[in-house]
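Presented below is the structure to which this report refers.
Per-chain numbering from 1; labels A, B, C and D assigned in written order.
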Amino acid sequence: MKKFINDPADVLAEALRGIQAAHPDLRVDLDDRVIYRADATRAGKVALVSGGGSGHEPMHGGFVGVGMLDAACAGEVFTSPTPDQMLAATKAVDSGAGVLHIVKNYTGDVLNFEMAAELAAAEGIRVESVVVADDVAVQDSLYTAGRRGVGTTVVLEKIVGAAAEEGADLDAIVALAQRVSDNGRSMGVALTSCTVPAAGKPTFDLPEDEMEVGIGIHGEPGRRRVPLASAAEIAKLLVDPILADFDATGPAIVLLSGLGGTPLIEQYLMYGEIAPLLEQGGVEVKRCLVGDYITSLDMAGIALTVVKADDELLRLWDAPVVTPGLRWGA
Amino acid sequence: MKKFINDPADVLAEALRGIQAAHPDLRVDLDDRVIYRADATRAGKVALVSGGGSGHEPMHGGFVGVGMLDAACAGEVFTSPTPDQMLAATKAVDSGAGVLHIVKNYTGDVLNFEMAAELAAAEGIRVESVVVADDVAVQDSLYTAGRRGVGTTVVLEKIVGAAAEEGADLDAIVALAQRVSDNGRSMGVALTSCTVPAAGKPTFDLPEDEMEVGIGIHGEPGRRRVPLASAAEIAKLLVDPILADFDATGPAIVLLSGLGGTPLIEQYLMYGEIAPLLEQGGVEVKRCLVGDYITSLDMAGIALTVVKADDELLRLWDAPVVTPGLRWGA
Amino acid sequence: MRDVAGDASTHDLIVWIERFHDLVREHQAELTELDSVIGDADHGSNLARGMDAVVAKVRADAPTTPADLFKTVGMTLVSTVGGASGPLYGTFFLRFGGSAGASESLDATALGAALRAGLDGVVARGKAAPGDKTMIDALTPAADAWDTAAEGGASPRDAAIAARDAAREGRDATIPLVARKGRASYLGERSAGHLDPGAASTTLLIEALSDALTTP
Amino acid sequence: MRDVAGDASTHDLIVWIERFHDLVREHQAELTELDSVIGDADHGSNLARGMDAVVAKVRADAPTTPADLFKTVGMTLVSTVGGASGPLYGTFFLRFGGSAGASESLDATALGAALRAGLDGVVARGKAAPGDKTMIDALTPAADAWDTAAEGGASPRDAAIAARDAAREGRDATIPLVARKGRASYLGERSAGHLDPGAASTTLLIEALSDALTTP
């Protein structure tokens, strides 16, 4: 395993130290493993807490700051944080206006956030949750764990963060979060596995001439393994299932995220293939991001997210944001 | 070779198409392979032109925009662009106030920019050049090609871009650029080779238990191959040669850049190791960036840059910048 | 020490937990390996981290009733594991302890009831049904076998052996299943043909119990 | 067609360029391989891209004098290759053509002078000295051997053969050298033990010339 690490058991603790050193705008609680905005929540502002397993950086810690999250709980690599962390974060950021938990739809994340919400409620804090489940690679069904939460989370955290900054109340925030969540779809593909530090070797073996389609962000194999294809063909594998899943026509925010091991030149090349396909499908790309926003350790792969966005969502998207991972307008 | 590409010969052309699609603030000349700010150079503003081989994204195209470059010429992967491209860019952005060429010290870059400057001068454009040569892994000598230009380039483009935006004249810009260049030092290490698309296989083989120290950004082997070390040991391998090379005490801007295949969690972990070493060495980190800013295709590696910065350089660093790769203050 | 009827003392239950810790440590790589195939390669490290914390806490606290013991175990797992298994294992032990209560020694019926309570807690939290390819596919047959044995008058030791055998069968029966819960469900049909890591680890849990009750 | 004395016509020189193109194509992977070891793995693709453009242009333009031909070759290389080899090869041909001029046919002395002018251009641009482990380590002995042969009254064909042999020797002599110019210099002592890719490609250039002048 070739990684810039010391003891695999210390990866998270040491990465958090680096985040703290690099970002004076953030306050990192190294014991609870929570990343906070350095300033306290403004009275009356709804607070946003997210979190999840580590290995997806910049998500979520890199999205803490003005106009986005108030706190992010960092779990072990690919392992949801614990209710204790979430409770500590929730208590620390609540200004009395309530707290939104932004949860990606994984059993672990859902269960731990559920427990945390119960504990916070018991302490008199009003907590609401939104669960993002946008990965079209996974069949949606009442009888399963449902879809994974991936790229839409980033867009949601930005938009809802802007609304919270503007002073929207918790009910409005919940409704807005649900709206973004309902309007987002994602699809990913991987050329290589990633290596979980504690495991010490790639999660799966992928021959030189094959790739995994319908991959998540935890190094799990995808829905199917197919022969390695050209960028043009892969673009179709990403775009088609999204367009097939919902009516994507109209204005949208698009996120094309590398998964950690894919250089930007390839991401741009892929975006060059994807943009015309989206246009042909009636998607009007109003805003777009290309880069590493939600990753899967060192996986060579890429994931596309399309979030339908009306004028209000676009306005909130454009509002100022100051975080390590997303910054504009200030 | 596992890459998101079509024909290896088309990588650059297709990546440029993606950049164009992703960034309406930029204008991409697909024939000349130059990335421009969409708006014309303001009358009286000195224009900044950089460029180099591709495969280092976001550098340089990602640094075109308000407060930074006016144009970036994109060469083939790891191959300096040609004088034609540079001449076209120079002519397009000159507002009459002259043009600065920002050149990284590689024979190809220097020779091609030299030819371009001669051609531009013949057309009556005032062109000056600054050559960045900051890589302490390479011994500095009058009898060799000298040091490679790496991370200081990013810091220079930001600072000089701010000064140009403020209206500094060409002489002042040249002096400022030289000052940044003189005050920057870099050092890099690689855990894996990268794969040049046209070559189709890794540039060098590196066993599972070894790494290359003193690496550049073109996949060339480093100064020496040593056993794979811990993050703590690698941090010393990066910091020590920089501190040994010049008096780095005092305020500084620090850039820790992933080389393309290194996930952010590892970069932060490394920064957690590096920050205290810099502090012990008397470096006061006033500003810092951690992320992929100057890369080497899909290489797993990391490079540290320290640029000594007085109040004026810090003020220019903090000035607004709106580019795909660096953005703040607007 | 167990009494003549072989009822379980708090000490026996601490031995259970210690034994489970040993088994998790022993099989950590194997559990992570199973989780690599149809999950995210962390089940072994998750449980190892949690059980390390559990034994440290139990050794320091030296709980004197099953209720105390399992509250410590459950809370420690909830706050150190994370992932799906943290809340699920945590809930299992919290409910187990709630059922076992403060009694000094537990007979086969009481242990069976506690096991059932733990299982019900896991189902209530995780909403999995038998056949979904999760830990309850090992736990459910184990609890059923325990009850049958206890109803027939078996000692805790014999009930545990029956439960262990049933857990192993249930675990192996997860192999052909297509997962409907947990991460493996994302793989759809590709999840078939592989053992569920949680079913493997809960089988270790029941094996540990049987070990604890059979060693003198 | 060559005249009785074997002087080179513009046509011969076009054959040279075509032949160089063929050799570059044939050895493209090998050149990139050499550049992988002590450079950045692009020398083969750089020259192939440039020479592809050159032959396309030359075939379209059908130049009638050496001056025209080499201006096209040089300018095309400068504007399509980039890297170190673009300006260096470009300068070589521009200077070569400047020396050869508009004469319809070149004798051994004129060709030698053109070769020397090209070499001097490369040195003026790249500031490399012999022994720095660059293309001039093949070009310099080639030009020297040519001059010696020409002074001794050799035909272009025989001078080219002498130059080719000298280039090959010069190329091989780069192996033990520690590079002082180009990317290989970044490797310091590690650059020793490997052939310089530019010396290899310029040897192909001289080989192509000898081929062009020896085929009837």
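Following the convention adopted for this analysis, a residue touches a chain if its C-beta (ideal position, glycine included) is under 8 Å from a C-beta of that chain, and two chains touch if they have at least 3 such contacts.
All of these numbers come straight from a predicted model, not from anything done at the bench.
Colleague: Of the other chains, whose C-alpha centre is the longest way from the centre of chain C?
Modeller: Most remote chain from chain C, centroid-wise, comes out as D.
Colleague: Which integer distance in Å separates the CA centroid of chain B from that of chain C?
Modeller: So the centre of chain B lies 55 Å away from the centre of chain C.
Colleague: Centroid from C-alpha atoms only, then distance chain A to chain C, rounded to Å. What do you get?
Modeller: Roughly 32 Å separates the two chain centres.
Colleague: Give, as an integer number of Å, the spacing between the C-alpha centres of chain D and chain C.
Modeller: About 76 Å separates the centre of chain C from that of chain D.
Colleague: Going through chain D residue by residue, note those that touch at least 2 other chains and give them in order.
Modeller: In chain D, no residue touches two or more other chains.
Colleague: Which residues does chain B have that touch at least 2 chains other than itself?
Modeller: 77
Colleague: Each pair of chains that touch: what are they?
Modeller: A-B, A-C, B-D
Colleague: Could you please specify the touching residues of chain D with respect to chain B in the complex?
Modeller: Touching chain B from chain D are residues 32, 36-42, 45-46, 49, 78-88, 125-126, 180-183, 185-188, 190.
Colleague: For the complex, which residues does chain B have touching chain A?
Modeller: Going through chain B, the ones touching chain A are 2-6, 11, 14-22, 54-55, 57-58, 62, 77, 191-192, 208, 211, 228, 230-232, 234, 256, 260-273, 275-276, 288, 290, 292, 295, 297-298, 300, 302, 322, 327-330.
Colleague: State the interface residues of chain B toward chain D in the complex, per the touch definition above.
Modeller: The touching residues are 53, 75-84, 106-108, 111-112, 114-115, 135, 137-139, 141, 143-145, 148, 196, 198-199, 203-204, 216, 218-221, 223-224.
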